[in-house]
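One chain, chain A, appears in both complexes that follow, with chain B as partner in the first and chain C in the second.
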Partner chain A sequence: MTTMILWVIAYLIFAPLVGGILAGLDRIVSARMQGRVGPPILQPFYDVLKLMEKEALTVNKVQDFYVMCFLIFIIITGGFFFAGGDLLLVIFSLTLASVFLIVAAFSSNSPYAQIGAERELLQIMAYEPMVLMTAVGFYMFTGSFRVSDILTFGQMPLLYLIGIFFGYLFILTIKFRKSPFDLSMSHHAHQELVKGLTTEFSGKTLAMIEVAHWYENIFLLGFVFLFFVNGTPLGIALGVVVCLVAYFLEVLIDNSYARMKWQFTLKSSWVIAITAGFINLVVLRFMF
Partner chain B sequence: MSYVTKSPWVIHYDGSSCNGCDIEVLACLTPMYDVERFGIINTGNPKHADVFLVTGAINEQNKGVVQQIYDQMPEPKVVVAVGICATSGGIFKECYNILGGTDTVIPVDVYVPGCAARPEAIIDGVVKGLSVLAEKKAAMGKKPVETAPAAEAAATETEMKEEA
Partner chain C sequence: MGTIFFLIVFPLVVAVALLVLKTDAIRDMLVRVAAIVIGAASIYLAVQYYGTGGEMFDFHSETLNYLFMVIEALLAVVVIVLGIKYKKYLALVLAAIQTPILIWFELTIGHHVNVVNNIYIDRLSIVMVLIIGIIGSLICVYALPYMKDFQHHHHGEKDRRPWFFFLLFLFLSAMFGIVVSNNLVWLHFFWEITTLCSFFLIGFTKTKEAIDNSFRALIFNLMGGFGFVLAILVLGTYYNTLELSTMILYGTMGYSVVLPAALLAFAGITKAAQMPFSSWLLGAMVAPTPTSALLHSSTMVKAGVFLIIKLSPVLGWNMAGIMTMMVGGITFLFASFAAISQSNAKRVLAYSTVANLGLIVACAGIGTYAAVWAAVMLVIFHAITKSLLFLCVGTAEHNIGSRDIEDMDGLFGRMPRLATFMIVGISGMFLAPLGMLVSKWAAMTAFIDSGNILLVAIICFGSAATAFYWTKWLGKMTAIMARRENIQDHVHKEEWVVLGTLTGMTIIAIMAFPIISSGILVPYLVNVFAGVDAASLLSGNMFIMTAMLALVILLPILFFGKTNKKIVPIYLSGANVGDDLRFTDSFQQPKEVSLKNWYMEDYFGEVKMSRYGNIASAVVIIAVMAMMLGGVL
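Now for the complex of A and B:
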């Protein structure tokens, strides 16, 4: 019980720190890939602190409330996960958080924000089957949806869930908002939709979205980590290394692909979910 | 210390520029000059921007657009007029459709002359704008005190008019 509380507190404090530093590394590595020097590593923190200083400019009153709910539910999602809670509950509260962000974007009558919100809905449709299959895969392998049980199971899930692992890596691009799947909003100045989902948010509201994104990234990498635990320090080390490699891979993909249309996003992620994810589940059901 | 100077996000608007200055503005983002070193990002969104770069002179058609972009930017904000056309109207000053430089519509903080303004000059202009940005941030908290006498003056003015 105490270790559980300690993990949640550690998540609350360190996730935005590590997430922000990862975002800073992301920007430096991206810059180096483009032959530039890039910003200081603490730049994401400067950005957020600056946004906190800006004048509050909102289109309507409910907008900030919804964005606040988005941040709170992202934190709750990660909290459940790091407390060793139920994977299904984690996934459902993650979806709820995303819905709050979409409602916030819809609540402003800006056409850019609304198209961004519609695209975000499509992205949820694209990645959700694979996320659910990941949870189901862990259940079929360990016999429990609880993260704490998966951690103490003793065998490395990756060896039996290799298809699901690659499927999860695929949809991670959507969740990290990286090209080619950054349809609804991007960190770069692709100006096709102005700023998509976040067009109408500024100042503190935008800062909340940034911080929520850091929390979310850490929790999503936690899922990657879960594939490698086998109860030994070696598994933990391997998990952390693979998390960093996965993050680097996403940055590389981000810098080497143009944005795709939503049709491709939906088709490709469902095809991956069915081939890599579902076949893995069927094999798991009948082989072991 | 104010963090506005650490991450100035820029919005770039092309008034009636010949594109010379616009290309130089974009050149600032290339590996050669790489303004992201200073945390400068080119956003397409006035609501996220701190620095407003205007190129080209103001005419009847873009007057409203420039005004609207300026109004949509949250405080503190800085306007940098890039190139001689944005500064004063340049060689187009006498044209029938040209109103003049950017300062005919919105208050300008930094003028960067040149035809076209060199990327070094633009970066220098934005960096000069950062000190203005810091001053504006420092003045933000005091604003109600400053505006109060003005409002009082306006009130007395109307009273006087009523009496008259």
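Now for the complex of A and C:
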């Protein structure tokens, strides 16, 4: 119980720090790939601090409330994960958080925000089956949905869940909002949907979304980590290294692909879920 | 036992009274009083039998048997006459075959089968009685002002409201009959009454479309009824029993009752509007909204899933079970997909009903205690939430003149209270930590444990689609549009009372979740299944869920709509006229902004989805039936 609380507190404090530094690394690595020098590593923090000082503007009385709920439930979702909780609970509360964000964008009744919201919804529909199958895979392998049980299971899940691992990496691109799947919003405000989902957010509200994103990225990488734990320090080290490699891979993909159409997003993620995910589950079913 | 009879006979008496007494004032009073009495009697029954957990009654009456037989024959005559009148010969043939067979059977073989217990009550019946008695009668009350408006819109036509209310109360009476009958012949009698009631309710407006759809409902349900008759025949002839409890006992003792179980499950599948029979429920929407609400939430389709849940101990990994779980799973998947392509609110609700019933049927088909736990929970939450949503859409339709989701733009500004009720309902259908999602979660775990990976994959994809179509509706309603006039004062008081009660019930049911589970469901499951592990059903997650729920309720109360920020216009590429509703176009003219939802017709078109689902389900049903017949011959 004490370790659980300590983990949650550590998560609450360090997740935004690590998430922000990862975002800074992302920008430097991206810049180098494009032959630029890039900003300092702490730039994301400077950005958020600057956003906090902007004039307080909003387009209606309710959207800030929804964004606040989004941030709160993203933090809670990660809290469940780091408390060793149920993977399905993590996934479902993540959906709840996402719905708050989408409703926030809808509430503005602004065309760009609303198109972004619809695309965000589409992205959820695209990745959700694979995310659920990831949880199912862990359950079938270890007999529990709980992160704490998976950590102490003692056998590395990777080899038995190899299809699911690749399926999860695939949809991670959507979750990290990276090209070719950055349909609903993007950091670059010069495209057909302006800033998409976040068009009507500004100042502190936009800062909340950035921070939520840092929290979110950390527990999404936590899923990757779970594939490598086997109860030994070696497993932990391997897990951390693979998380970093996975993050680098996503940055690489981001820089080497143009944005695809939504049709491709939906089709490819569902095809991956059916092939890699489902077949992996069927194999597991007959192994155990 | 007196309460049980009261619940069957009292609505019947009210029904007849409503048919005879035709003035508005008397009807208003009678329906309200009857609704209160029925609701109170249902609660009284629940309290009365809650402690005993389950009781059988050896009530016998030869007169009643003959009376049922005569009524059944009369109903068959009615169907035949109507079949000739409207040239619907399939309905005629189905009625002309099954009723004589049943009557012949009852007079010969059935006469010698000894029925020990005709009536029973257990905790599942109690749950059903509460759903029918409370939600069903609330819908009847709601129907009062609604039908007044309806008559107003159709003035000049004959006032057929006495007939409408007669059917509503008859329906309730028959539903009570279904959930307490242990004698399958009686169960079948009430079953057929509900079929006929829904037939007349769907055809109520007597337009060509209504008549066609009502006959489709009739024909599909008579097919199911035919399966029911065959099951009775097989049970009476080969197993020498007509009792549901005995049949299930045989099954759990190891005798094979797969054939009658499959036939009864087939009857349940038709009534629960599973593919390939689901089109009757979609067609039922031509009827006035209270009918839809009644058919979708507390009656008719719930009779179908009730029967399948009763059968669940003898389902599982056998032919009957595989048929049931696969038909349910296929229906859940394709109905969820089809809902994406719909913009008519009632059709979205209808597809969502079909999908959720599919999930319930699949759970019951799996037949483990954990799956049945999920199934009953889904029944409870679906009944409350779906009736709320249907009635909300009905009220919205009468006030904004459309049932299209695209026209519900900014409903939050125009009818804030109604929109809040709808938001509670919609969230209740798919979001954590609310009831349906928790049940779905339990269903998913049960599917994995049963080893049916195909169903696991189906629920993964189906849930993703479910979140999509609900959230886009939610988004439409929560959009804040400038200068919307508040028009909710036109709503009738009765409608507010009913909608408010249902919203309250939705929230209470969600909060009482752990109590419903440990107080009613677990004791029921312990009686029906061996080796129930109650702890696994009520895990620590339940309390986390309750805490989350408190947060979800508390946050809006504390913070919703409170801001001291400066409000600025939205971004319309720098061409906002200034009112957030128009922009300056390339001719320097103001142009309205119009935003539409995504429907993805090419991917999730209704026709395509129904075709795939119908074919897949039909193949499963035909293959299972053929294999069983092959085994018999």
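In this text, the second predicted complex is superposed on the first by the 286 of 288 C-alpha atoms of A that agree within 3 Å, B and C clash if a C-alpha of one lies under 4 Å from a C-alpha of the other, contacts with A are read in each partner's own complex, and residues count from 1 in each chain.
Simple rule for what comes next: contacts are C-beta pairs under 8 Å (C-beta built on N, C-alpha and C of every residue); 3 or more make two chains touch, one makes a residue touch a chain.
From a predicted model like this one, the values you see are computed outputs, not experimental measurements.
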| item | value |
| --- | --- |
| Partner chain(s) touched by A:Met260 [first = chain B, second = chain C, both, neither] | neither |
| Dominant toucher of chain A (residue count), chain B or chain C | C |
| First (chain B), second (chain C), both or neither touched by A:Gln34 | first |
| Partner chain(s) touched by A:Glu55 [first = chain B, second = chain C, both, neither] | both |
| First (chain B), second (chain C), both or neither touched by A:Val99 | second |
| Partner chain in contact with A:Gln43 - chain B first, chain C second, else both or neither | first |
| First, second, both or neither for A:Glu200, with chain B first and chain C second | both |
| Residues of chain A at both interfaces, chain B in one complex, chain C in the other | 55-57, 194, 199-200 |
| Residues of chain B that touch chain A when the two form their complex | 2-4, 6-7, 31, 34, 36-39, 41-45, 47-48, 50, 72, 74-76, 137, 140 |
| Chain A residues within the chain C interface of the complex | 55-65, 68-69, 72, 76, 80, 85-86, 88-89, 92-93, 95-96, 99, 102-103, 105-114, 117-118, 121-122, 124-126, 128-129, 132-133, 136, 139-140, 145, 194, 199-200, 266, 270, 273-274, 277-278, 281-282, 285 |
| Sites on chain A touched by chain B in the complex | 27, 31, 34-40, 43, 46-47, 49-50, 52-57, 189, 191, 194-195, 198-203, 206 |
| Chain C residues within the chain A interface of the complex | 409-410, 431-433, 437, 441, 444-445, 448, 451, 453, 456-457, 459-461, 463-465, 467-468, 471-472, 474-476, 478-481, 541, 544, 548, 551-552, 555-556, 559-572, 580, 593, 595, 597-598, 603 |
